[in-house]
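Each chain gets a letter, A, B, C, D, E, F, G and H, in the order it is written, and its residues are counted from 1.
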Amino acid sequence: MNPKKIEKVLARLARGDITIAEALEILRTLPYDDMKFAKIDHHRELRKGIPEAIYSPGKTERQVLGIAKRVLERGDEAVFTRVTPATFAKMKNELGAKVRYYPEARITTVGVSRRKPLGKVLVVTAGTSDIPVAEEAAVTCELLGCKVKGLYDVGVAGMHRLTANLRQFDEADVIIVLAGMEGALPSVVAGLTNKPVIAVPTSVGYGANFEGMAALLGMLSSCSSGIGVVNIDNGFGAGALAAVIVKNKYAV
Amino acid sequence: MNPKKIEKVLARLARGDITIAEALEILRTLPYDDMKFAKIDHHRELRKGIPEAIYSPGKTERQVLGIAKRVLERGDEAVFTRVTPATFAKMKNELGAKVRYYPEARITTVGVSRRKPLGKVLVVTAGTSDIPVAEEAAVTCELLGCKVKGLYDVGVAGMHRLTANLRQFDEADVIIVLAGMEGALPSVVAGLTNKPVIAVPTSVGYGANFEGMAALLGMLSSCSSGIGVVNIDNGFGAGALAAVIVKNKYAV
Amino acid sequence: MNPKKIEKVLARLARGDITIAEALEILRTLPYDDMKFAKIDHHRELRKGIPEAIYSPGKTERQVLGIAKRVLERGDEAVFTRVTPATFAKMKNELGAKVRYYPEARITTVGVSRRKPLGKVLVVTAGTSDIPVAEEAAVTCELLGCKVKGLYDVGVAGMHRLTANLRQFDEADVIIVLAGMEGALPSVVAGLTNKPVIAVPTSVGYGANFEGMAALLGMLSSCSSGIGVVNIDNGFGAGALAAVIVKNKYAV
Amino acid sequence: MNPKKIEKVLARLARGDITIAEALEILRTLPYDDMKFAKIDHHRELRKGIPEAIYSPGKTERQVLGIAKRVLERGDEAVFTRVTPATFAKMKNELGAKVRYYPEARITTVGVSRRKPLGKVLVVTAGTSDIPVAEEAAVTCELLGCKVKGLYDVGVAGMHRLTANLRQFDEADVIIVLAGMEGALPSVVAGLTNKPVIAVPTSVGYGANFEGMAALLGMLSSCSSGIGVVNIDNGFGAGALAAVIVKNKYAV
Amino acid sequence: MNPKKIEKVLARLARGDITIAEALEILRTLPYDDMKFAKIDHHRELRKGIPEAIYSPGKTERQVLGIAKRVLERGDEAVFTRVTPATFAKMKNELGAKVRYYPEARITTVGVSRRKPLGKVLVVTAGTSDIPVAEEAAVTCELLGCKVKGLYDVGVAGMHRLTANLRQFDEADVIIVLAGMEGALPSVVAGLTNKPVIAVPTSVGYGANFEGMAALLGMLSSCSSGIGVVNIDNGFGAGALAAVIVKNKYAV
Amino acid sequence: MNPKKIEKVLARLARGDITIAEALEILRTLPYDDMKFAKIDHHRELRKGIPEAIYSPGKTERQVLGIAKRVLERGDEAVFTRVTPATFAKMKNELGAKVRYYPEARITTVGVSRRKPLGKVLVVTAGTSDIPVAEEAAVTCELLGCKVKGLYDVGVAGMHRLTANLRQFDEADVIIVLAGMEGALPSVVAGLTNKPVIAVPTSVGYGANFEGMAALLGMLSSCSSGIGVVNIDNGFGAGALAAVIVKNKYAV
Amino acid sequence: MNPKKIEKVLARLARGDITIAEALEILRTLPYDDMKFAKIDHHRELRKGIPEAIYSPGKTERQVLGIAKRVLERGDEAVFTRVTPATFAKMKNELGAKVRYYPEARITTVGVSRRKPLGKVLVVTAGTSDIPVAEEAAVTCELLGCKVKGLYDVGVAGMHRLTANLRQFDEADVIIVLAGMEGALPSVVAGLTNKPVIAVPTSVGYGANFEGMAALLGMLSSCSSGIGVVNIDNGFGAGALAAVIVKNKYAV
Amino acid sequence: MNPKKIEKVLARLARGDITIAEALEILRTLPYDDMKFAKIDHHRELRKGIPEAIYSPGKTERQVLGIAKRVLERGDEAVFTRVTPATFAKMKNELGAKVRYYPEARITTVGVSRRKPLGKVLVVTAGTSDIPVAEEAAVTCELLGCKVKGLYDVGVAGMHRLTANLRQFDEADVIIVLAGMEGALPSVVAGLTNKPVIAVPTSVGYGANFEGMAALLGMLSSCSSGIGVVNIDNGFGAGALAAVIVKNKYAV
C-alpha cells in the first residue's frame, strides 16, 4: 500500500466519504494480507519505497492469480517476475487492463502506475545472450522510477566496443553490468568509472562455467573496487538495488 | 595523483616555478609509474576518486616498501590492506610519520590526508567475531571521506537487539551488514529499510559454513531486495562501494 | 504389523480360532515380507511406532502396486511418498477404497487408519513456493497422529508477518520451519522460541541457491540453537521426526 | 537473566530493598547488555530457557574476558564453547571460582549453577576420535539440566558392539549419535529405535571425507526416519537441541 | 578375438584351408578393427579375458549398429551397456538372433555365447530402486562366466533383513553391494564378512544426496576394510571387477 | 572485415569507383557494427586473423538471422557454433547459398570462403562419443585454414590402438586430444611427442565424471608437459587455438 | 582374538588348566573389549581374518597407548596406521619389543606375528611422491600375509617405463596402482592386464588437483574395467582389500 | 640424454675410445634409469626436446639429492621445480657448481647448459603478487631456449597500463598471461592479439576466489579465442608449453 493511498483513505474519512470503521478495516489489514498460502506484504512499499515483488516459479497459476486479484482489489501494486507467456495470458484474461507484460523481461505488473523517472541507470551486457536478464533489470528500474539506457554486447573480447562508449558511464548514476562466461566485464567497467557498479553474473556459457558459477566467483573476486554483486541471472535484484541507490540520491 | 596536484603543477609552470620540461616529466609518468614489479596507478584517483589500494598478502616486504616509498616521493596517497603489524613496523621505521596504522582493520595508509566527511555509513555486524572485517570496512569509509557508525553483535538469534536500533537505519545513506555462519542478517536488515545494503559474508563459522561459503550463498540468494554482495571478508570492498555511493550522492 | 495385530493373532490362537501352525505362519513372516524386489518391513511399526514409508521415485509402477497389495493383504499400513497422480490413479483402480491420496503433499496411504491426534506441530514456511513440501510434512504428522497447524509465507524479508504470529509458537510442541533461498527463517524462529525446531531447506530459488544448497548450509550453520536439519525438500522426514518427538512426549 | 532473578528484583522492590529507579535500571538493561563489541543477550534465558552460549574462536581474549566479567557482574550465566586451555587459564585467573572448565569438551562455564537433571540423553559415537565432540554434547546436556550417558566406539564396522547395547536406547529420551568417515551410524541407530535421533557428523576421516562432508551428506540422505542433523563437529548444537526436547517433555 | 579363434586360424592354415596371405589378413587386423569412428578392440579378450564392452550413450544409432555388425562379421563378441529398448529393437531387426537384450539391466549382447559359470557372486541392494543397477551388475557377471545370486532391499534402516541373510555371504566369492541415499550398506556388510566387497553408489536419493555423491563419498570414507568402490550407477564396472576376481581365483 | 577487403575499398577509391564519402562510410563503421542487441566485431579479423565466431545458444533465432544477414550485407564472414538443424534450415531459407552447415560439428558458416590450408592439425579422440566435439574442432581448423586429420577412438584402455599410430604425431604441427571419462589421453600423448598438445575434456561419462569435470581436472593436473587445456566440450576453442599456433608458424 | 587362541582356551579348559568360570570370563569379553573410550574388536579377526586396525589421528596419545596395552595383555594383534615417530617412541618405551615401526609406511604393529605369505601383490606408483602411501599399502599386505613387490615411478608421462615392466603384471594376483595428479595410471594398467586392479588416488599435486580429488574422480570415471577404487591416500585400505582377495584365492 | 650425447657415444665407439660393451652399457640404461624410488627418464629429451623436470614437493631431500647426483653422473640435465632454499643449499653443498638456483622462480637446474635462444615469449601478469609464478614460467622458457620479456602488474582494473604496452604483443611468438582474483586478463589480451595465449590462473586472492578456482574457471570460460589454460600456479607448465610452441616454429 503506497503512502499516498493511506493519505487518501484518511482524506476520505475526513471528508466523511467513509466511516471510521471502514477506514479502520482498510488500515487494519496492514501490514499484510493473509491469504493462507501467501501473506501479501502491502506494507513493503511503506518500508522499502517499492511495490511488492513476487517470484513466480514454484507458485501454482491459481496462487499467482489469487495474489494478483487481491492486489487489484486493494488498489495496490505488485511486480511478478519470471512470468511465462501462458500465465500472463491467464492473468490478462481474468484481470484485464491493469495487467501489463514485458515479454523479454518476463515481468508482469499488476496495478503499477508509471512513476516520474529520477536519475539514470546504464545497463551494460557483455553479450547478446545476456539481454533477457538485462531487460529484467531495465524494466525493473523503469517500474521503480528510473530512466534506463542499454549498452549491449560490449564484452572484453573486443574492448574497442566498450571504450567507444565510455562517455555514457559519466552520465549514469548507477551502472548495471551483466556478463556470463568468465564475467570479466564488471572489473573492466569499474576500473574505468567512479560510479557504483552492480554486477550480475548470467548463466550464459557451458562446461567449466557451471551455469554462471565462473562468472559469479569472478565478479566476487574482482580486482576493481566499487562493485556489488547479485545472484546469477538476478536482473530484478540488480534493478531494485539500482533504484534504491537512485532514490536515495534524488529523494529529498 | 589527485586532480588538485595536477592543477598545482600547471600553476607552478604558469608562475615560472618549473620549466616546461619539468612539468612534462611530472605529467609524463602519468598514467602509471612503472617499477617493473608494480605499475602504480596514480591515475586511479582521477578515474575513481579514491586513492590506489594495494592488497598486501603475496607481496614481499621489499615490494610493499618500494611501492610506499614511491607513493610518498610523488606526494601521492595509497591504502595498503591486510598489513601485518611486522610489515607496518618496517614501513614506519623507513618512511616515518606519513605512514599510519589501523591495527584492528589491518590497514596502513601512506600519505593519506583526511577528507571532509560526507554522508553516513552504518556498519552492522551479526557477531563479535565479525568485527575485524567490519573495522576494515569502517576505516576504509572514513579514509575515503564518509562518516561511519558501528552497530555490532545484533545477529538474528536475538532479533530484539536489532529492532531496538532501527532508527539508526533511517539516518544512514548506506548500510554495510556483515555476518558469518548462515549470513541471514542482511536479508532481515534489507527487509526493514529502504537504504542500499552492502552485504559482507565473513568466514566466521565452521563445518558446513565452509569458510564463509554458507553466508555468501545465503546473501546472494536473499529473499529481500536492495542488496549488493561483496567477497567473503572483503571489508575494504564493502567500504569502497559504500564510499562510491555516498560520493555520487553528495558530490555536486 | 502393528502391536495390536500381534495381540489379536495371539488372542485368536487362545480362543482356538486359529491353529498353532497358522499363528506361526503369520508370525513367521515377521520381521519382513520377502517379495524379492522388496523386503517389506512389517516389523518397523513395532520398532519405530510408525508405518513403513516407501519412497516411490525409482520404483516401477508394478513394484509400487505389488508392495501396496501385499500390505493390504496383511491388513497392514504403509505411506508412499512422492506419488504422481498417474500412479495413484492406478493404485486406486486396482486396490480401491483403502488407498487415499493427498495431492498437494504427493502422499498416498494404503490401509492407514486415523490415529487419535496427540500434541501440536506448527508448520511454518518462508514463502508460498515452499507449500508443497510443507504439506508433505503436515500430512505426515497427521498420519502419524499429531495435530498440525500451518503458518505460511512469513519469510524474513517482512518480519512483521512473523512477529504477528509469535503466540502460535508457544502453543506448539514442535515447530517445523521450511525455507528456500537463503534459508534464514529457522534461525529467526529458533531465536524466538524454546521449542524444538526442525529446519527443512527447500529447493526454492535459483543460481547461487544451488537447488537448496544455500538454504541447507545456512540452516546447518545457524547461529541459533535448538535446531535439527533434514534433507532438502524432505517434508516426510521433518514430519516423521516431529511425530517421534511428540509421541515420546505424550506416550505413557 | 533467569526468570527467578527478575522475580527477586521485583521482590526486593516490594520489600523496599531497592527503589523503583534502581529496579528500573536493572530491568532497563534488558533485553541485552551493550558492550559495543558484543550485545550480551541476557534475555535469552527467558526466551529459550538456556543460558547464552558464546562461540569463542574469532573473539580476542580481551573480548572473551570482558563478556565473562559482565555476565558475572550481573549474577548471570553463560557457556563459552571451544575455549583453549590458555584462555581458560586467563579467565580463571581474573574471574576466579565461578569459572569452571571441561577440558575434553573445551567448554568453560561462567556463573552456571547445576540444574536438577530431567530426562536421559544417550550419547553414542562411532569411534574413539569422535569423543571430544561427544563430550561437548554431553557436557552441554548436563549444563542444561539433563542426565547423560555415553556409549562410545560402536561404529558399523563391528555391529555386534552396537547390538549388545540396544537396551540403552529404550531408556533414553533422546539419542545423540556422532560419526565421522561415512557417518552411517545414525541410520542404523534410527532404524532400531523409536526415539528422536540427533545426528552429528564429525570431521574425523580424510580424503573423500572432505572434513566431515561425507558424513554430513550421508546423515542428511539417511534412509531411516526420525533423524535431525546438526553442523559438522557441532557438539554444543546437538546437546542444546537434545535439552530443548527433554525440557519440553518434562516441563509442566 | 578370442584365443581359440586364433588357434583355429592357425590350424586352418596348417591344414591348407587358407593361404598364408589369408591368415595374415585375418591376423593383421589385430589388434583392432578400424572403423574410423571406432577402433574395435578385438584384442581385449586376449588381454583381459572379457569381451569388449561398449558404452552406448553418446553414440549414434548408426554407430552402435555399425560396431555390432562388424563384431558379428568377425564371429566375435561384444557387450553394449545402457541400451534403450528402441536401439535394441533396431539391432534385433537388422542383426537378428545373435543379439540378445536384458531389459532391466539395459544390456544388449552381440554374439556372446554362454560360458560355463565359475564361482559365486552375491549382489546385494539397500533398496528396491537400486535394482536396475544391480541387474546390470548381475547380468555382466553372468555374461562373463560367474554364478550370481541377488539379495535385494536389505538396507540399514531395517538391519534384521540383512542379518537374516548372513549365511549367503559365506557362500559367495565376491559380494557386490549397491546403495543410494547415505550408502551405508557396504560398510555394514564388509564389517560382517571376510569376502571382497565391491561397493556401488547409486543415484537413488535427492537433495543433499547430490545424485549419488553422498553415497559415493560415504563408501570411499568407509570405516570397514576390504572394500573397492566403482563409479555411481556403474553396475557394469562392478560386475566386471567381480568377474575378474572370480576368474583369477578359479582359472588354473 | 578482412584486410584484403580494406585494400579493395581503397583501390576502388583510387580508381574513382567510389567517392571519398562512400569509402569513409564503409570504413567508419569499423570497428564494429551496432545492431543494438549485438555489436558485430568486423574488426576481429584484422586483430585476430580469424572471422568473428558467434556462440548460438541463448540467442533467439531472430537475433542469429539478423547477425548473419548483416554479415552478408557487408561481404564479411562469420562462424556460428552450436547451431541446431532447425536454425540452419531457417538461415538457409532466408540467406541462401552463402550459408553452409557442418551437421556433425553443429557449425554454420556465413560468407566464409575457403582459405589455402597451412600446416597440419591432428585431432585425436579417446572414444567414439567424443566425435561431435572433435568434428567441431576439426571443422574450425579447416575453416581457419589448416589441414586436419582425425584419429578417433584410441583411448588408454587399449594402448596398442594409440601406439600403432605414433608416426602421425610426428607429421602434425599441433595435436588436439579429446577425452571424456578420466581424460587420461592427453597426458599419454604429450608424453610421447614434442608437439604442442591442446587438451579438450568432453562431457562423455556419468556419475563421478560430473559432466566432464573429472576429465577437466585430470587434464589440468597432467603429469606431462606441453599441454594447454580448453573448456569442456569446447571444440571451437581448441580448433581456434590450433589455428592460431599454425598461422603463427607459417605466416611470413 | 584369533581362532587359534579360542581353541587354546578350550583346550586349557579340557585339560583342567583353567576353570569353567575362567574360560567363561575370557570368552565373555568377546566380541569386544570395552575401554569406555574404545571398544576393541577382538572379534574382527574371526569375522574378517585380519587383525583390528586402528586409525591413529584424532586419538590422544593416552588412548593409543591404552589400546595397545590392552591388545598386548590379551595376547592379541593390532595394526596402528598413520602413527607419528613421536607416538611410536612412546609406545616402544612403554610396551617394548612387541611393538614394531615401519617408518615410511607410518605403521606400528602391536603383537603382530609374521604370517606365511600367500600370493603376490604388485604395488605400482606413478611417481616418487606416491611412495609413502605405496609403502603403507605394501606393509599392510605383508602384515596380512601376502608377498609384495614394488614398481615405482612408472607414470604415464613416460609410458616406456611402464611397458618395460609388463611381465610383472602377469605374475601378480592383485595389482595396486597409486597415482596423484591426473590419476591416469590405473586406467592404463587395467587396459593391459586381466588381474584385479585396486586404484589409490594420492594427494600428490596442486591447484586443480584439489588434494587428490582430480585423481579420485578420474579413477572412478575410468574407461577401463576391472578397477576398484579406495579413498585418497588410503594405502591401508588398498592393502587390506588386496589381502582379502588373495586370501580368498588361496585359502582352502 | 640429449641426442648430441648419443652421437658422441657412437663417435667414441667409432674412434675406438670405448668398447662395444661399454657403448652398450651406456645405451642400455636407456630409456630410463631405475633408482627404485625413481625412474629417471633420460629418454625424455629425445622424445620431448626438453630436459626431465622433477616436481620437488613430496619427495624427501634424500630422493632429490639422489636423482640430481645420478643425472650429473650421466652428464645429463634436469630441472627441479618448487625447490626450497634449504634443499638447494644441500644440493649446492653436495653437488657443487653444476647446480644453479633461481630463487624467485624456485627452480634448481642440474647440469643444464644454456641453449641459444629462439623466438620470444612475453610473460604478462595482472598483479605484483603473481610474479613468483611468472618467474617460474620465465625461467623455464629461458632454460628451454627462448628469449623472454616480462610485463608485470597490468591488470584489468587499470586498462591503460595494458594498452600502453600493446606493441610488445606483436613482437612475441607466444604470450603467457598470469592472473589471480577474477582472472580476466587473458580474455582481454587474447581479444587484442593474434598470438597464442597461455593462461595461468594463480592462487592470488581470497574468499570466493577459492585458491585460484575463480580465476581458473574464468579462464576456461573465456569469451576470447586462442587461449590454452594450465593448472593453477603452474608456471613451469606454461613455460614448457610456450617453449614447445616456439621450438616447433623455429626448428627446421
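Assume a contact is a pair of C-beta atoms (placed from the backbone, for glycine too) under 8 Å apart; a residue touches a chain by one contact, two chains touch by 3 or more.
What you see is a predicted model; the values in this text were computed from it and never measured.
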Those chains which touch chain G and also touch chain A: F, H
Chain of greatest Cα-centre distance to chain H: C
B-C, B-D or C-D - pair sharing over half of the F-H contact pairs: C-D
Chain pair showing more contacts of the two, B-C and D-G: B-C
Distance from chain H to chain G - Cα centre to Cα centre, in angstrom: 38
CA centroid of chain C to CA centroid of chain H, Å: 61
Per-residue multi-chain contacts in chain C, two or more chains: 127, 157-158, 191-192, 207-209, 216, 220-222, 225, 231-232
Each pair of chains that touches, named by its two labels: A-B, A-C, A-F, A-H, B-C, B-D, B-H, C-D, C-E, D-E, D-G, E-F, E-G, F-G, F-H, G-H
Of all residues in chain E, those that touch chain F in their complex: 31-32, 36-39, 41, 43-44, 55, 57-59, 63, 67, 201, 203, 211-212, 216, 231-234
Chain C residues touching chain A - in the complex, by the definition given at the top: 127-129, 131, 150, 152-154, 157-158, 160-161, 164, 180, 204, 206-209
Chain H residues within the chain A interface of the complex: 126-127, 155-159, 181-184, 187-188, 190-192, 205, 207-210, 213-225
Footprint of chain E on chain G - complex, ascending: 47-50, 53, 173-174, 191-196, 198, 216, 220-222, 225-232, 236-237, 240-241, 244-245, 247-249
